[in-house]
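The chains carry the letters A, B and C, assigned in the order they are written, with residues numbered from 1 in each.
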Amino acid sequence: MDLEHLGESLARVRATSPLVHSITNYVTANDCANALLACGASPIMSDDAAEVADITSICGGLVLNIGTLNQRSIEGMRVAGARSAELDHPIVVDPVGAGASALRTRIATELVDTLPVTVVRGNMSEIKAIAGAAASTRGVDAGPDDAITRDNLESSAEFARELAARLHAIIAITGAIDIVADETRVRAITNGVAMMSSITGTGCMLSCLVGAHVIASFDERLDAVVSAVACMGIAGEVARARMDALDGSGSFRIYLIDAICNMDAPTLDRRARVEVL
Amino acid sequence: MDLEHLGESLARVRATSPLVHSITNYVTANDCANALLACGASPIMSDDAAEVADITSICGGLVLNIGTLNQRSIEGMRVAGARSAELDHPIVVDPVGAGASALRTRIATELVDTLPVTVVRGNMSEIKAIAGAAASTRGVDAGPDDAITRDNLESSAEFARELAARLHAIIAITGAIDIVADETRVRAITNGVAMMSSITGTGCMLSCLVGAHVIASFDERLDAVVSAVACMGIAGEVARARMDALDGSGSFRIYLIDAICNMDAPTLDRRARVEVL
Amino acid sequence: MDLEHLGESLARVRATSPLVHSITNYVTANDCANALLACGASPIMSDDAAEVADITSICGGLVLNIGTLNQRSIEGMRVAGARSAELDHPIVVDPVGAGASALRTRIATELVDTLPVTVVRGNMSEIKAIAGAAASTRGVDAGPDDAITRDNLESSAEFARELAARLHAIIAITGAIDIVADETRVRAITNGVAMMSSITGTGCMLSCLVGAHVIASFDERLDAVVSAVACMGIAGEVARARMDALDGSGSFRIYLIDAICNMDAPTLDRRARVEVL
């Protein structure tokens, strides 16, 4: 598998239908479950410490999303993370709103510091908060000073690569331009449309898709993450193109899940815009 | 009311608009509430032990769904169940993911053993877990060995009937073929489409519809459950037929709720495929 | 700004994109977040006492919705409310289901009695429960005896104005006719369609829109509330007009968010039906 064949990552998800355990926020949990089903995976949501070890044991991997974090789900994340680590399962961390509260920053940092995390996926403000860098978070959105642009692409890429090396994890920073980095390689993905920030949950859904792809193609996990990111961006483009004059963000959200559902490997290969940095 | 007049069950739901108290998971709670409204009932969601007795007292019945089970909702289910029992309200149990964790199996078993449950609705793996039989659960989906087919229909029907006798409850096992059984009677319903397993929540929504139908027609509750199951299956067929080339699971989910909303008694009578086993 | 220029309130929301902290129920949290984004605001949901003071501090205002109330969210509401009060942030209270349980009535009453609430938005049964008046609540819906009609409009308006004076808050009572009152002024808004009560969450979404409008136009907050109420009603009309024969409540819900997304100030000004009482 290489960058010419991102579609293979999607094909593997559909062929293996990985079970993905998500501990996630209640705002976008339904979209996350439906996005996982749309891409060919199977979702299980469970956050109580009394059962998460059982649940994660029957799954292929774990996605930890800290939106609407609470004392129960924090304990659930710790127990599930420890069990996932024992089982060598891929773990994806989505640090929703890291930087927006001391609790979120502390728990996100704890998760990436104590668990053998495979991927961290967030916007630049959230990733900066985890890195201990000054961030300009605007709640759960990236602050305006944290936009990834052509002008700062090189320094953003280097920041991602350095953090990947420090955390021994793939770092996926999504925005107008998406960056995916491991310790030695950095990719930029330029798929996607501005409309994606007009609905809640695109980031949360993407983190789940990343989980599904990484479980299905663990040995080529950098490409698997790139594939998931490109897939979501292309789905956004397809959904946007379908909108008519009366459609707005409500229909766009439905069309986005439709487009994930109807995405096939050749389309993903043909439309993905990936640069090697 | 008999099997020729399933539509009467739906008509009674619309005529009486039963208030249904649901203690349910946060993944599909919105779909459950909207499905209840679409079928003519009124939803109330409430899971805290400090208020569930009050809430269930003003309702016509209770639906307990153990997805995203947690210590708070478990306590809420116990208190609400006890109060519902005192009031002789119908109680529906949906053992989401029973078999997938020891906690879910234990709580599902506790609920059906300690409460005067009217209906248990799940997939075959979940129902087997409750029955203490060996199941091949795949998370919240039935395992492949647990599919109901023409080949095992007779033995599946007998299993359902025996469990119904043991639990003094109607057992509804849904899959490619649906089975509804009480101590002496078994029905098979063959409505529905495969697409229904491409979205999360069809089972959860169905359990809520079952609750609404059973409240509205308690004296003919076997037929009421059959009516709810057929109604959901036909809604799936209507939704599937409406999909165009760009539509996927996102639109299907919306069309499904539309079809529940637009279902009428004559359509239900005409399209229901029910066999007496 | 005056009643001829309600659109200005919407324009200010879009120009300033206020961050709105919502502590809300898990049934409609997704719709609330998407409605806020659709009207031009930014949502943050967070309910744990350990972080709500941080979260609310970076926001422009707070919306407290007591659906699916629980011990954790109650504590979160108290802490967030106290911090919001210190910061002089607008606070909107949505007493979902007040009157349906002693807990909801008590907490709703506590919130409006102890916090410097800017707006209380509910149906007539919920508002009566807060006022300590006899109400005919039907769960989370207004009881039939609590409908606002032409016949009782004058007495309903006087009830709202008196409660506004007592609570030093704007009272918004929504139904077939909506009433918005402060201590001296009362407005009636007659936009909207019956279909809005066929989906869950229109009230919850409206309370969030009210929050966004009041943050953006605090000095003209009565008009801001009227603007949000009219905006939601017009969105309902637009969504209803768009429905075809196969569409039902599922599509209506999507079209409603589309219509909020596509609403512009001239449309709001032209279509708003507001009476000075």
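Please note the rule applied: a residue touches a chain if its C-beta (ideal position, glycine included) is under 8 Å from a C-beta of that chain, and two chains touch if they have at least 3 such contacts.
Not measured: the values here are computed from a predicted model.
Shared contact partners of subunit A and subunit B, listed by label, are C. In summary, the pair subunit A and subunit C forms a contact in which the copies contribute largely different residue numbers, shared numbers making up under half of all those used.
We define each chain's centre as the mean of its Cα atoms; on that basis subunit A and subunit C are separated by 33 Å.
Of all residues in subunit C, those touching 2 or more other chains are 26, 30, 72, 253-254, listed in ascending order. Interface residues of subunit C facing subunit B in the complex, by the touch rule stated above, are 25-28, 30-31, 67-72, 97, 100-104, 137-141, 198-201, 246-251, 253-254. Within the complex formed with subunit B, the subunit A residues making contact are 19, 26, 29-30, 33-34, 37-38, 42-48, 50-51, 54-55, 58-59, 72, 238, 242, 253-262.
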